[in-house]
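Per-chain residue numbering starts at 1, and chain names A, B, C and D are given in the order in which the chains are listed.
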């Protein structure tokens, strides 16, 4: 299943960048969940192109139309479908590059995979645009989590080496997550924001692009949810996060850092606080054996620089089998990371709702 | 499904560390594949405890018994089941710690998940021992890949900061992979090996443990295999790699490194070599849009230090809800990384066979 | 997954009878398949209410809008989504019966399942209306089958005991299937048609309803497709056919009839004809061990009489927990069988494409 | 997945008739369920060959060895694996027929499906022997159902036209089910038993075989469990029942009979009894819209006559492509129906546990 996730819930994504519409079908959601559509819109707006020079100037008024699954403001429990019609399409911009592979894009691999029948316009189904319905699904799941006292949130941890502060893995709060999510440029430190904006702007002026790291957390997620081996929280979250184009790495808790320290440093000692079992540190990122420990869930995802850059690049025409210089036209994000922040949250929200619904205890 | 993977093939793992047996059922394998059991044994021996001080002194003679699915030396195409009987069990060693949570282990989370009914002896189903049948499955898949001219291999990239050389992401060869796999301590550089052995030995003497990074590659994998979004190669490989206990991060190609460079540096320019489309660099790790590009597939997985250390640790008895000092007895690996190398290969092998069998072209 | 089928292809159905829209997402279709939308429309028109007294007088102009997955008239291989907007809604007709359970309907069971949050208007997601997107999916799959020389077709075998002729299980041809499909009232015998119409009309005049049996066949389906045990052709076809509301039974080949004869009568002897292995009889309905034998695939599905009848019925108000007489208003089919014929074909088409795509040989 | 069922629980069957062993892995079972192994053995003994002339004289001492998933007599919640070693094998009996297709068997279709690599001895994975692990799985699930006050049971409804009484679809009780299950030849009427035995015996003497119908029921299953469309109770039960070799039809409630009556006769009117919503009749077999109504669940499955008969049959050698007379040697059941009774129950038990575990309310 290329574009379908099956766990406690089912998520079927569809659409192509320049086709008629994109969307998602969510099956097996719990019934009777109040869904606030205005807040869904606000969530999705965080993914929309910014007017501040950090992203494309394309206008994406992505208003999802709910086709089914909501009745009197609540989930029916039967499939919830949403479609977003594509309006602002500039297919012309892509006309001349159809068989010259854009480096670090899926033009060439997609052509092979689909024998050239896939929609090449704007990346087709490989487009970052398909993260809009992913965000819709994640926003719905986010409200279902909230009803259970769970808050998720993400921020930009770094952009081309410029670092924000990290979440405190033990003490991060729902309030902090709410605050950082509400910022137009989601960093914990305002100083990091201005430096990062500068880096992005410089890259843009230079017809170049930059990548970065998104850090994401969940607080209030109950202990004991998840499974060992193949459907642990790490397995499911990583499977969903890699659905976001441009992600090239993920790490939980101390992540790659744990490779450099001793067990005595990395082990999170247990203690009791306010009558609850907690750990003094949280190098495991809230997950032990694929199962939540009750500590904040923390992970980071690495995003590569936007592959579409305006400067000339060497490439090949894979139909003519000739080497060919390529100049990508059109409007592109110099950095996808700011818009990727809600996408990462969305992936986490879907994973957590799925895990909750697979649990024998909490399911409601 | 906690311990079952469903893709082009189905892998159902079972077993507990100190139960009667562990094993795996592989369904939907291609039929008529010659399987060399001696080489399966050799693959699994790479995961077995070493006699060189880097791992536990437990003896695990893990000889898998094939119950079905092999006939006259070839896969039948119907389910291939293998069981490994547990022999060398020291349950007594674990008797006294059953409700004191070992830090960075799944004792506490497993207890919550299963209401205390799960087998606690030696970690039960959470034990690293369940990677033995994972290796069996991976060894079978490795031979299926070989029949198609595909070679995979991994090495220890680092142990507590001590670095081996990296694979050349453009030019790594099947021969190099075969050589490094055959080494008792799989590093590319012999100097790295001796330094790493030293670090592990010091940790062991110090009643401590260390982690590290495994780098893994596949060469000969055809271009055009995989899918966008949720069943891309990165999604499936990461889902399988996180099934190995102690993995806390994964990155493909340039991975987290791509967050620090410009698009113009990270984009792999296409060119034509020997009549084939290739890239000059391979920062994408051989995967574009979830689909193989024909370049070597490269990824790295971070392993935390073995949670079981012999020095006293603070913890809690989660049944009595009291704080309690804990001293873990028994024999444990001071570093799981050397034994994890074939496990990572196994995860990759399963993912690649699964992707091949889901492909509309190559399937046989 | 309540409304999602996952096999060689993925089918995600959505929608409620009186909601905004209904539809389907098809994932993992082969790419490059030419799809004739006019013929899709013709297929769906066969399911639409007839103007001949055999069905409801509601007007369902079910024109599916393709949102994605078709490009230049061919499947892209990425998800194909289609939506049908609901227009002709008479919610008012249902207003007064919301908590009085209509006998043989899912009002009561749906209420329990979804805690009363499901959309009750017109049966909501339980409505026969959701077979419209099922037919869309089946029509697409039917064209994919045709590209491979496979023809499917169904007819009304009986309505309240009035029998049509049966398909000849050995010699039924593609031509016969095409002819019967094209008939407004699909029977093999014209005499049966007039008698059946009479029975339906009488039931309608009598404020009553009738059921019947649909017989369905596939010819040209290659031998050797399918699997033993749980994903055999019978398993998958039956799972899909029971997705059609009102189906209460299914039988393959000789079906229930085989319970009454000797093995020597039921066994289909093999012989060679035109250089091919065939059977002299076809009591197995073209399926042996879950796998196609190359003979026509034949099965029958039993449909219960339309539950919605206009005469008063005894029931209960399951909210007030009182007994209550019920008179169902609105326009309803006195017999769903004529409109069910393409639905049964659709289910078969989906099952066969799924099985083909799971096969290691034929996949394209 | 040919031999793997994935729903609320996962069931992976494996094994070949004359291979080393057969078995099953059950994943996602609830934890802490007490499992009585003696009663598991008793359940499986009902499937074992009878010594009374109705079945093969082969001795199948099918003692399953539990490899994992049970600890201190309770399910751990992690995968429960059981293996049965094959002992009494008469491969020699099959030696000479390997490429002559036994009529109504899967020899020919299996050969095509697996390119001749599948194990042909005794039917290999297509053998009825694989219903032994199915029964093991069903017996485990049956105990889990009992813990929730649910009882299932089946009887022989007919053998070659000789009819037993039917279950009373409204009033059948757990006691009745327990009694009929405990009978060596499970019929409700003793007169039917003696007539059926006679029919079977005559067929056996005549080197022939007969089929029949099994009727199965569940009582105590709560209302509101199941799902519309593709994972309704009918879909899942039918998918599992068709995993039993020789099943050619299934019907729920009134089944094919509903095709012959009026809606006013088939609709089950609701009423209130002892404060509960019930129906006066139960033509729907306890299932409405794929969801349980709280009434007894009733269905019937048709079994074809044993394909293996001892009289000469015409067939073909599908390797030489020549017509060839065939005489099947070895010991075979003249009628599989008596031994199929627990298999049908097993399929139902698995389906019901799966549905319960997918339900948002009852899950424990």
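To be clear about the criterion, a contact is a pair of C-beta atoms (placed from the backbone, for glycine too) under 8 Å apart; a residue touches a chain by one contact, two chains touch by 3 or more.
This structure is a prediction, so every number in the text was calculated from the model and none was measured.
Colleague: So which has more C-beta pairs touching, B-C or C-D?
Modeller: Of C-D and B-C, more C-beta pairs in contact link C-D.
Colleague: From the mean C-alpha coordinate of subunit B to that of subunit D, what's the distance rounded to whole Å?
Modeller: 38
Colleague: Where the CA atoms of subunit B average out and where those of subunit C average out, how many Å apart are those spots?
Modeller: 45
Colleague: Could you put a whole-Å number on the gap between the CA centroids of subunit C and subunit D?
Modeller: Averaging C-alpha atoms per chain gives centres 26 Å apart.
Colleague: Out of subunit C, which residues touch more than one other chain, so two or more?
Modeller: 1-4, 13, 31, 78, 113, 125, 228
Colleague: So with touch defined the way it is at the top, what topology do the chains form here? Options are line, ring, star, complete, other.
Modeller: It is complete, because no pair of chains fails to touch.
Colleague: For the complex, give me every residue of subunit D touching subunit B.
Modeller: Interface residues on the subunit D side: 1-4, 6, 10, 12-16, 19-23, 25, 27-28, 31-32, 65-69, 71, 74-81, 83, 113-119, 124-125.
Colleague: For a test of understanding, state which residues of subunit D touch subunit C in their complex under the given definition.
Modeller: Subunit D reaches subunit C through residues 1-5, 11, 13, 101, 103-106, 108-110, 112-113, 125-126, 130, 158-161, 203, 208-213, 223-232, 234-236, 238-240, 242-243, 245, 247-256, 258-272, 275, 277, 279-280, 283-285, 288-293, 302-309, 311, 313-316, 318, 321-323, 359.
Colleague: Which subunit A residues qualify as touching subunit D in the complex?
Modeller: Touching subunit D from subunit A are residues 30-31, 78, 228, 357, 360-361, 363-364.
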